[in-house]
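Sharing a structure with you now.
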Amino acid sequence: SSEQEGSSSTSAANADCSNAAAAQDSYTKAWSTTAEELGIQDLTPVEETVCEIDTASYKKDEPAGGYTIALAAQGPINSWGTLSEEAFKRHADEIGVSTLYASANGDATTQVDNIQQLASQKPDAMVVVPMGEGITGQVQAATEQGIPVILCSGILPDDSGAVSTVTRQYDLLGSAYAEWLVQKLGGKGKVAMLSGLAGVPTAEYQAAAAKKVFEKYPDIEVVTQQYTEWSPTVAKTVADNLITQYPDLDGIWSDSGYGDLGVVQAYTEAGKTVPPLTGDSSNAFLKATEGTDVQFALSTFPPEMSADCLDTAVSVLKGEPVLNKVFIDSPSFTNEDAAQYVRKDCGDNLFVPSTLDDATLVELGLCS
Amino acid sequence: MSNASAFLARSGRTLAPLAGLIVVLVAAAITTPGSFTVDVLRLVLFQIGLIGVTAIGQTLVLLVGGIDLSIGAVMTLATVIVATTTNGDDSALLVAVVLAVLAGLAVGAANSALVQLRSVPPFVATFATFVLVQGIIVAWTRGAPSGAIPDAMRWLGIGRLFDFIPVPAVVFAVLAVVVGLVLVRTTLGRRVYATGANPRAARLSGVPTGWIVTGAYLASALTAVLAGLINAGYIGYVDAGLSRSLDLNSIAAAVIGGVALTGGKGRIGQTVVGVVLLAVLLTWLVQLGAGAGAQLIVSGIVILGAVWLQSGRFTLSTIRHLTRRTTTAERG
Amino acid sequence: MSTATATVDARPERSKRFGFAALVRGGFAVWVVVIALVVALSIVKGGAFWTPSNLSTVLTATVVLGLVAMGQHLVILTGGIDLSVGSTATLSALLTAVLIDAYPIRVIPVLLGMVVLGALVGLFNGAFVAFAKLPAFIVTLASFYIVQGIALTVSSVPAGKVTSDLKNFALGSLGPIPYSFLVVVIAVAVVGYLLARTRWGKHVYAVGGDLKAARAVGIKADRVLVWVYVASGILAAIAGIMLAARSSIGSPTAGQGLELSAITVVVIGGTSLLGGRGSLFGTLGGVLLLALVSSSITLLQMPSTLTDLIRGAVIVIAATLFVVKAKR
Amino acid sequence: MPTQHTVLEARGLTKSFPGVRALSGVDFTARAGRVHALLGENGAGKSTLVGILTGNQRADTGTLTVAGETRDFGSPREALDAGVMAVYQELTVLPAMTVLDNVMLGQEVTKAGSLSLSQQRSIARDALSRVGLADIDLGAQAGDYSLANQQLIEIARALIRRASVVILDEPSAVLSGDKLDALHAVVRELAAAGTAVVYITHLLDEVQELADDVTILRDGATVAEGEKKDFDTERIVREMVGRTVDAVFPEPGELTGDVVLRLTGVVPRSRTRRPAPIDLEVRAGEIVGVAGLVGSGRSRLLRTIAGAHPLAAGRIEVAGRPIGGSIRRALRAGVVLVPEERKTEGLVLDLTVSENTTMAVLGRIARFGWIRRAVQRDRWSAEQERLGIRASGPDQETRLLSGGNQQKIVIAKWLELGPTVLVLDEPTRGVDVGAKAEIYQIISELAAQGLAVVVASSELIEVLGLSHRVLVARDGSIAGELPGGLGNEEEVMHLAMGTNR
């Protein structure tokens, strides 16, 4: 047939959607909290269907040694990956779950192999930190083998077959940063966008949501979009160029506080005022901007949400109802409240606030 | 006559990358007219410093007939060592730098041993050490290198000479002059060229070719350590993410400049031209606001174009060939 | 008409048919390690290694790498190198998904189109190597950048969608044998046949072994070179199709890093980077070795922080042991 | 007998390489059904002519007619298509490929695109039998066979391609005994079948035995041409050399010096068989020649003396001190090697003449590692004058020099070092006649100044003419010793081939 496959059918998950109103409320609440924390007047939630789903079909009696739950992790390519893995494992110990895990080294293609390999070891459930949409097919394959999959800290298309997605919402972050910036600039000015890695969903989805917001304001001009590889070094080089090319830049939308370090340095060294900027809350950035009058809005994409993902997986195995999308509500703040969050006893790699206890952070070498 | 044509051919080889540079400059002038400012010049100078330091080490390895893919990993290794051993403490800096240098030398020695003792092709040998060093860094730091870069180091990355010239550019210039002179004017340099151009003849003439090759890999590792320190000084943090990609800029710079991959041919001056061309190009592309895709496409075309121009198949020898054919025809 | 002449002493001067060097040369050495690894895994993990699903996992991991490595094998046999295969696979994966976009009717034309795309990239490489006589390293480094750049220009985010048939083909398996493995088997058969049983195959070895000698016996060396790069491009494009089918969507980073893995695999399989010498059997052993190593890291649940270290150590050790000694 | 019409005719061919005029007016005619001996000294231009006839090189000027058509071959393929093929002096056997693949290379038999293995095997088997290799293992790698057998494999390849002109460039150089007989039989067979065979050789006996026609090249030009019956060996030699032979060699000097170089029980490392140990003493001022067939181990012995080839057993002493096994130790003792392969082992062609000249004494021309250019130039000028090197200046690229001048630079490099033992391997290979005499003169003068000299050459006359005494190598060892001076050629050959007594 010349028809496009799957174009007409809407998400199958909607069919057994129940208790929708309460679920929807929890979704909008995450948006309003963030708006409140950042002092944004106007933050309209992106449309999203959240509802409760029946997991009776996944119910499984807990075996003697506890459930075995696999984690297809990002891998220790940065502190986010390390913390995510660590939080997952610690929580698994606490609740008596045994784990299997595989590291994708940040690469979707590797993760495809990982998921297949993990599935072949027959875990009761699988938590996947998606490295890109490229893994969708393999996730479907795993669910078809009867393994419930929970997506964690990332999203996949609706037809991935995952039971539930537990994440901080990209749209929320991208839009909130943009709205805050617009408000800071009074709805008028030149903005540069700095994203992480070209082609990587984490970066591209946030940027896309932000662009939608900026489009609403005719007097906001996005002058350029560049990539920082989430590296302060690259960000600084890019910022050096921004300074020369757009001396009258009014604001910088960025998805990374760690990258912002470079931006702040570049402007400071050039003797210019740092324009208002955004990003996720890295301890390094907070330490670097302490005592300066840099204006920023930060939010969080907590690695520790992997523990919530694990809980969701266990709920699914117990047959308890779960939400199809669990949007983690976690703090956002601006430069005004930064003092509350900075951890001077900790290193640059920490994402604040961390829910891991101090002993763990010390053990990981992140704090002293 | 043959001398004159040889001179022409040789200057053609040198002029080609210069021509490329001019093309890029003109393109920049047309597309981003605002970018011919002192500030942009400073940016270019900084880029030159950053790319150039490793390009010099790479040139040495290329001259002895090798290639070094492990540079990116060594750069990060140096940064991580400095951060973890000093944790931001200036007084520990010296020890840290010594350790970083030793680590770099160890990688260089491993490269050289693989290449010479086991005859592993340099491309594979240095790629293997790249992955291995990468693995060591991750295993050691668990993916999240801790510690901090001492303030004393910042000067190396962000300092300026005469309030204008970025220190990395100065470091590069000094290194280029020193290595350039060593190559052209000292016995060591002579031995490097001999080893690269004809290792058998060099060995029979008493040149310790094994040591020369080892020296080149060690030197390359040292420039990588230096580049790592410059990077650390520039940003003041351990930026572990940087190491995950191979550093192909150093190879690209040398090759654009006209250093032969087959060894024994090339001057530091050519590498300098290649470095400048690449730095201008990269800066221009960012200024232009070109997307990631366009940047890659242009880089690829410039590399190919520059090498093609110098191959001689593009200009001089073709012309000479044609003239010779016509004279033959006339006489025949 | 042949007059009988005296028979002369026709014994080989030296026989290198046995011993370690011969093992390496024939590509057997790496298989020894593969077998050792399989035995070790069988002992440590018992039946878990031999479950159909685990075997299918290992075999699936050989598909993309195997396809790309075969192209690389051909190129390296001629003394060249192809750095552009990763980018080509990426572009092909992306375009496969974007162009098919879940329309079953588009599958055949798009897949054919991808093969043509791979051939074009190969033609570009081959033309510059054979006619402009530029070093393969530089030519393919340039096309590596250019093709990756084109991919990012097409889409910087994951895009498109393949059909469910394609996806099922890539993900399904018959017991321990994944369907997609069939593609590798066919490719091995074709490349193996071309190398062993056609005129072109012999010419590939000759061109890599001694370009001048090859020309002297009348071989159209330039044409052989161009075709080798075209073959490598086509195989990379097919690898890209497999990447897209398995992901069900296209991604502008799908094939990253494949080129280096492929070169590594070919070299540890006992093929000389100088050209003219190498066995496809060894290259396949190399592919299987890397697939086994990465899947057994997960099977054995080794700490994720050690992944890179183990991979690096395997490459270093394999390179140290199995690289064919280059004659200076 | 088939008609003996002209199939190939070259007129006024010229060809220059950077610094060398390889051909300066060559005329050559090959006729069907005849064996045409192409003769000339080393470097006379024979191989260059072959290169042009087979499309490997293009002539600068001149005309080439094949089968009545004027041709200018742009590639070997065009020549092959026109029916001209060659077995080159430098083997084109691919060591990593099987014997079968080598024999069939470029002329594979296919059926529906697929190699027809059975047909290929029978064709190859037939051709190999004709060259005497009936028992060879078709599946073995060609590199596992001796040079001689590889040469025969290559000739077998030529038999399959039914060319109208078959050129054999020094096919007999690596053959002896049965293998040489097999070759001769094949050549006669080809001619009988109507092929024009061009046969290049240095063995004048072969000419008498095989040739119908003779062409002699000297210094890149045809100096004589005609039917074999008009050429006796004496005339051939006279035309080749262009002067009387013994006038070229300086008289070896008086022997007065002490023993400088002493080999006791030396066995060079060998991959194949273990040769008998070698004992040798060379005195200061003495020139010892080493003769032998190709592959007899001359080069290996010389390289062993110079530390460039590993020692399996024995002792090498210079002035009583052991030096074996290491190039650097040999150099320190003043043992220097002028290697056989000038371009790959003797010189760094990319460097300038003055740089090559000072390559072995870099420490001396430098202060604290800094090269003093003036000193370098001075050293160059001194050597240039002493050896009469013709180059445009100290900064000329060595690649551009003629063979003889390049060889002089290799010698200059060692003279700079102040050697005690000079080891020369094929010192006049690829060197033109004028330079040859000069090199002989230099060697002889150096000996007279007290150097111990060991010289190996494939040119019998050269070894005999230069040396006080001549060692004859066979099978990697020394088969015997004869006094120097011309006149012993036959005895040397007997020793070399193991046919005496």
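Order of writing sets the chain letters: A, B, C and D. Residues in each chain are counted from 1.
Note that a residue touches a chain if its C-beta (ideal position, glycine included) is under 8 Å from a C-beta of that chain, and two chains touch if they have at least 3 such contacts.
Computed from a prediction, not measured in an experiment: that's the story for all the values here.
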By mean C-alpha coordinates, which chain is most distant from subunit C? D
In whole angstrom, the CA-centroid distance of subunit A from subunit D equals 73
When centres are defined as mean Cα positions, the distance from subunit A to subunit C in whole Å is 36
For subunit B versus subunit C, what separation do you get between their C-alpha means, in angstrom? 30
Computed distance of Cα centres, subunit D from subunit B, in Å: 43
I need the residues of subunit C touching at least two other chains; which ones are they? 152, 156, 305, 307-308
Which positions in subunit A touch two or more other chains at once? 75-76, 198-199
Using the touch definition from the top, which residues of subunit B touch two or more other chains? 138, 142-143, 200, 291-293
Classify the chain contact graph as line, ring, star, complete or other. other
Interchain contacts (touch definition) - all pairs: A-B, A-C, B-C, B-D, C-D
Can you name the residues of subunit D that touch subunit C in the complex? 54, 56, 75-77, 80-81, 86, 88, 91-97, 101, 104-108, 110, 113-115, 117, 126, 129-137, 140-141, 144-146, 149, 152, 157, 177-179, 181-182, 185-186, 189, 193, 271-272
Subunit D touches which residues of subunit B in the complex? 2-3, 6, 185-188, 190-191, 193-194, 197-198, 200-208, 264-265, 324, 328, 331-332
Contact residues on subunit B for subunit C in the complex? 114, 118-121, 123-125, 127-136, 138-139, 142-143, 199-200, 246, 248, 251-252, 255, 261-262, 291-301, 303-304, 307-308, 311, 313-314
Contact residues on subunit C for subunit B in the complex? 81, 128, 132-135, 137-139, 141-154, 156, 260, 263-264, 267, 273, 305-313, 315-316, 319-320, 323, 325-326, 328
What residues of subunit C sit close enough to touch subunit D in their complex? 1-10, 12-17, 193, 197-199, 202-203, 205-206, 209-210, 212-220, 276-277
